[in-house]
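Structure, as structure tokens:
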Amino acid sequence: MSDGSLSGGKAVSRTTPALSLSTLRTHGGLIALLLILVFNALFTPNFLQVQTLFVNISQVATIAIVAIGMTLVIATAGIDLSVGAVMALAGALAPLIFQSEFGTVYPALGIAAAFILPLIAAGLCGLFNGVMISYLNVQPIIATLILFISGRGIAQVLTNGNLQTFSNPYFSYLGTGKILGLPFQGWLALALAVAVYWLVSRTIFGRYLLAVGGNEKAARLSGAPVRMVKIGAYVLCAFLSGIAGLIVVAINSASDAARNGNLMELDAIAAAVVGGALLQGGRAPIFGAILGAIIIQLVKYTLLANGVEDEVALIAKAAIIVLAVYIQQARKE
Amino acid sequence: MQSLLSMNGMDKAFSGVPALRQACLEIAPGEVHALIGQNGAGKSTMIKILTGVYSKDSGDICFDGQDADIASPGQAQKSGIATIYQELNLVPLRSVTENVVMGYEPKRLGMFVNWPEAHRRTREILSRFGIDIDVKAPLGTYSTAIQQLVAIARAVSLNAKLVIMDEPTSSLDDREVEVLFGVVQELKSSGVSVLYVSHFLDELFKICDRVTTMRDGQTVSVRTITETSKLELIADMLGRNVEDIEAAGMTDLGGGEKQLGNVLLETSAIATDQRLFEFNLSVRRGEIVGLGGLLGSGRTEAARALFGVDAVTQGDIRLKGKSWTPTSPAGAIADRIGMLTEDRKAEGIVPDMSVRENMTLALLPKLSRSGRINTTREREIVDEYIAALGIKTSDMDQPIRELSGGNQQKVLLARWLATEPELLILDEPTRGVDVGAKLEIQAIIRQYVDRGFGVVLISSEFEELVEGADRIVVLQDGYSVATLENPGITEDALVKAIAHHHNEEHA
Amino acid sequence: GIADDLPALEKKDRYKVGFAQMESNNPWRIAETKSFHDTAEACNWDLIATDAAGSAAKQVADVDSMIAQGIDVLFLPPREEKPLIPAVMKAKAAGIPTFLVDRSVDPNVAKPGEHFVAFLGSDFIDQGRRVAEWTLENFQGDKGIIVQLEGTTGSSPANDRKKGFDDVMAKHDNMTIVASQTGDFARDLGRQVMETLLQAHPDVNIVYAHNDEMAIGAIQALELAGRKPGEDILVVSIDGTRDALQAIIDGKMGVTVESSPFFGPLACETMNRYANGEEIEHWVQVKDRIFTASNAADHIDEAY
Amino acid sequence: MPGSEAFDLRRFLQSDGRNAGVWIALVALILFGLARYENFGGAYNIVSFLNYNSMFIVISIGMCFVIMTGGIDLSVGSVAAFTSVVAAYLSPYGIEVALPGGVLAGAAFGAINAFCIIAMRIPPFIATLATMLAAKGGALVISGAQTISVDWGSNFTKLGMEKAFNVVPWTIVIVALVAIVLWAVLEHTSLGRTVLAIGGSEDASNLMGLKVNRAKVFVYLISGGCAGLAGVFLASGYGAGQPLEGIGWELSAIAAVVVGGTLLTGGLGSVTATVAGALLLGLVFNILNFENGRGTISLSAYWQMVIRGGFLFVVILLQTRMTASRQKAG
């Protein structure tokens, strides 16, 4: 037997030093990415075009941004099912604000408020999740299930269930703008990733985050403000989801509270895990999450572009998630 | 006579780093065999290979006259090896009964668990250890000591040919240790072999027949206990000559005639909801105050109260002359208090984090400015303490879970020393630590108080308390009942102080 | 007279009316529910409206709870053709006349005039067919390269709108459907799918979307990619929403076949006719209009 | 006297106390409904309520087993949709074939889950998320993205549409049987105890020599089988195999299990309290429908979502309050 292993206990699956482990793991994702790229280059018509890059960047940005937040939450051994609902909520608020009387009278202020207030609302959702989890000790799946169910409902109540359409070039820049020829939201996702990576690897918050996920009791007894750290993670995740929600609304020039962010939690969790996050906490591979999001996006793209039927695509997606996680798992040994 | 177990030429490496190198072990039927060695010598690894937790790289194992290649702990139990692992491995949420009979439940109709019988059987086994508790209650509601005894009870009840005990006494008090020895004798007389791992060398002389010593993954000696001395064993473990050690002598760390400073911390009749009812303590600068008592006497609870883990519901605390209320560990740390916890695995290490990150966890507020960690400084400090405490690690970025128990303990000690607390609370700082490391740790503690800081030392080893503490506060059932002053404390005196108050209460 | 099988509806001042909506996750459904609410007062209804959140099974349970509450009439847009048959049957067994709205049930098992009074609605297959026919007449090029954005996979409007369209196109050799993928009736997905399909099939010149929301999403995708919807690509769809009519006015879209959600007044009228003892035709067909550049501006104000 | 306080804590942890909350809430909600709404307690409402909720009760029971091992099964909803299609295809052969066929198809997905989780060591959350997608895709593929009609002539629809001895729906009879058998397995067999031990500590269970993998395979098979049964109920009760059903069922089931006092981390759990949890959550829908019927306010669909979330919030809050105060007492 090559692995130092037993009858399947966790104890054993972790017998490699961290360095080689993490490099291999990153490679696992990269290898998967490479395979997909090669496949596409060979079989997908017109894959090697700038426009393809453009399309994929604009589509991956929201998944990536939410996945970054999800990674933080997963690092505390939590999970956030409410990201999609928070997207819907933030997305519903923005047009309400800049189309309000105030927003039409003072367009500049209206736009600013349309960015800021929805993100504050999103942050409050995160605060709600975080408080439920850290102060009331409600298990994350359940705590975030509450907003998962009712958050979208609140968004629909606010908009009376109506689709809100608008045309507002300033707001739409978030979704349609370009910098150096590449979509603005792609740059935004990158910037957020860098910022959060810095937060995780260089700041006291990041260190506490990983400690809380790794051993909560030990972290508290070493002086980590456990509750604040957890709340911080959920607030950040909700905040990032809020940004993603605004992006979706901006691209579509319409806010559809019923659909915005639908099933985003699944994509984000899948991206985080494919990117190397451990559901039991203690690890926050931010760029892994980006990689995971890219893989998921490319899989989607590949299946669509090659005319694979929706139902078969679902099965293929399932197989790829399992395979990607398995590759990492296998490489751990 | 044919041996019950023989392991030969055992090799095992964890991702390239050898933990065992051609190690061997041989146990005769009906023998109590000790396995000793410094932290990280490979004792636990040897056991885990034998019981199928790890797979070996190479080597032969022969058990009960057959080639044995045991693939899982379940299989080990089937073939007659019962094991108490070093890290308590029980299920705290489940009842005591379940933890004892799990996998061997008495059945009715060949299918359904016969619960009355299971409870009865569990009570009976536990009564052999002098424990009378509600066996239907979740195991987690009992103390570490009880849990340890339950683990032992389970192993003993399996009717094995070989019972392995990896540091069974590390959380037991003297009385419980005596009970355990009785059980070991009983096992022995019924022909069962016992493999006994312990850092308490005195124990070995009481119950063992032979001793195998390991060092750096190798077997260095096998001795018959009646023909050897403690010194020889230590020499084997450390890989030095007996003479050298004798010359160096065992440093006596006992309190000398030195200057004590101001009163650092003083409590009057504090209580918590966690079975601490009336606790009085004063610690002066430069002083080590020991907390003595039997298991469950409330020592850990007292420490938790001082560190702000359990809320103080009554009484006053004065810190450096000012009235003070601990609110949280973070607050206590900010007020320059530190606490090394008793349960390393559950409350100490963050297993996936590196040695470096573990060591600086409590220091982070001081290491960072406006939220940013100064990593250069961090590395310097970590380097310093790795050297100072002689921590065995391949580099500071190695995950702490890969270190041996003793080295993990040193990292945790370093975590607290690095914060330079004025008052350091140490709950069982040398539990599961080998002699060498133990001496080092004790020396570090002494140096530390000599710098004008105070230490509260909790230890189940009376010897450590008697020799290490300047004063011992004796606890009983959540009350502080007596104070003994060094010099002049003897183990006898301590035992008497504890026993006396016990008698008083029951009189 | 009324078929003997059907439960009668006595004339009353006020009726307790059940409307078991299937879901509320798109503007069309929301407009439909609103239409029933708006009609309630004028038509003397005490309306009980439920929402099945997209689950056929829950819709049956909702109908059950309405039967338990003793409604007089049931209006039911069945989420699925077959799974809602038990609801129809139970209502009948409880003596409650049922009108199916906007979708029907499997006619082999539950029949109008026998198990339920009538089906009020349009014909999804026909909608698809009409889009196809309009497209054939108005497409300028010689070879049509078609991308189809389907509705929710497996849902009956998606299946029917696809069938109606595909059947017509199959008869014309110059028309090829190069890709047909689901956009889940949603604008955002419609856009994403279109972006992707446009990359794989840059030569596309006709886009057929199963509803207007996806069509709008597709137009956005085309514009983002620098195409000119309405000029080099013909976009056609179904529903008749305000945004779609605006797009037609702006010249970005060719046609949308109406699929009106405003069933309330028709429901009221039909119910009253039934209460009066009139025989109701088995299919109260809704005349779906067709909106093009010629009439979009006239109707945009009444669109939702 | 410290001893008595310790006793309280133990009693509480022994889960009698933990479960009280859900029963109290259930009874309170029923009394509320009876007092406020006419016909709420009528036979028609009770029977149809039970019939519809039989599907949720049964998947909640299966979910409860998985959660007790510390795992999770997100695939149950899609699997139920899949097996409803299978059962519909098998319906011409009668209930004797279609029922076991559907359950087996569900168990087959359970086996896939178990394989991914145990042999491939993929975390349960991810493995079952993947099966959720695969089962949904599979259901659409085998049904050709259409609902599949059952054979109305065979005895298949009796199961979902008729009542045993004209009193209780057959589905509820079967659910009760399943609940009793699984309760007995959990409380009185070593397999059941192993399930709980794994949730308590998988490492420890391994080192204790328990048959950990066997128990894990068992719980995923049970969960898959229960989802399969729910799918059979679905096909039988609604006369069709429905590939699009089951969306969000997994979350309802998880909520029911948690409301029933089972720890999501595993190690503690109760079949009976899970049943109560499923009934409680189902009752909220029923009550909302009746509330709409009173005509005083008309709750739009999205208000209903808000109210459901709010209700879950309140139940969880009560539960944690109860836990907290009891823990303090302990």
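The chains carry the letters A, B, C and D, assigned in the order they are written, with residues numbered from 1 in each.
In this section, contacts are C-beta pairs under 8 Å (C-beta built on N, C-alpha and C of every residue); 3 or more make two chains touch, one makes a residue touch a chain.
Which protein is which chain? UniProt says A, D = ABC transporter permease; B = Sugar ABC transporter ATP-binding protein.
Quick caveat, the model's predicted, so the values are computed rather than measured.
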Intersection of contact partners for chain B and chain C: A, D
Common touching chains of chain C and chain A (ABC transporter permease): D
Centroid comparison with chain D (ABC transporter permease) (C-alpha atoms), farthest chain: B
Centre distance in Å when chain A (ABC transporter permease) and chain D (ABC transporter permease) are each reduced to the mean of their C-alpha atoms: 29
Intercentroid distance (Cα basis), chain D (ABC transporter permease) paired with chain B, Å: 44
Approximate Å spacing (C-alpha centroids) for the pair chain C, chain D (ABC transporter permease): 34
Contacts with 2+ other chains: residues of chain C: 24, 153
Sequence positions of chain A (ABC transporter permease) contacting 2 or more other chains: 6-7, 9, 11, 156, 161, 310-311
Residues of chain D (ABC transporter permease) engaged with two or more neighbouring chains: 140, 145, 203, 206-207, 263, 300-302, 304-305
Complete list of chain pairs which touch one another: A-B, A-C, A-D, B-D, C-D
Interface residues, chain D (ABC transporter permease) side, partner chain A (ABC transporter permease) - complex: 72, 116, 118, 120-123, 125-127, 129-134, 136-138, 140-141, 145, 202-203, 206-207, 212-213, 251, 254-255, 258, 263-265, 300-310, 312-313, 316-317, 320, 323-324
Of chain B, residues touching chain D (ABC transporter permease) in the complex: 53, 72-78, 83, 85, 89-95, 98-99, 102-103, 105, 107, 111-113, 115, 134, 136-138, 140-141, 154, 273, 275, 477-478
Chain D (ABC transporter permease) - residues contacting chain B, complex: 2, 5-7, 9-10, 13-14, 184, 188-190, 193-194, 196-197, 199-201, 203-211, 263, 267-268, 328
Touch list for chain C against partner chain A (ABC transporter permease), complex: 24-27, 30, 150, 153, 179-182, 186-189, 191-193, 195-197, 199-202, 213, 216-217, 220, 224-225, 243
Residue numbers on chain C that touch chain D (ABC transporter permease), as the complex places them: 21, 23-24, 33, 37, 46-51, 53-58, 60-62, 64-70, 80-86, 94, 106, 108-109, 152-155, 159
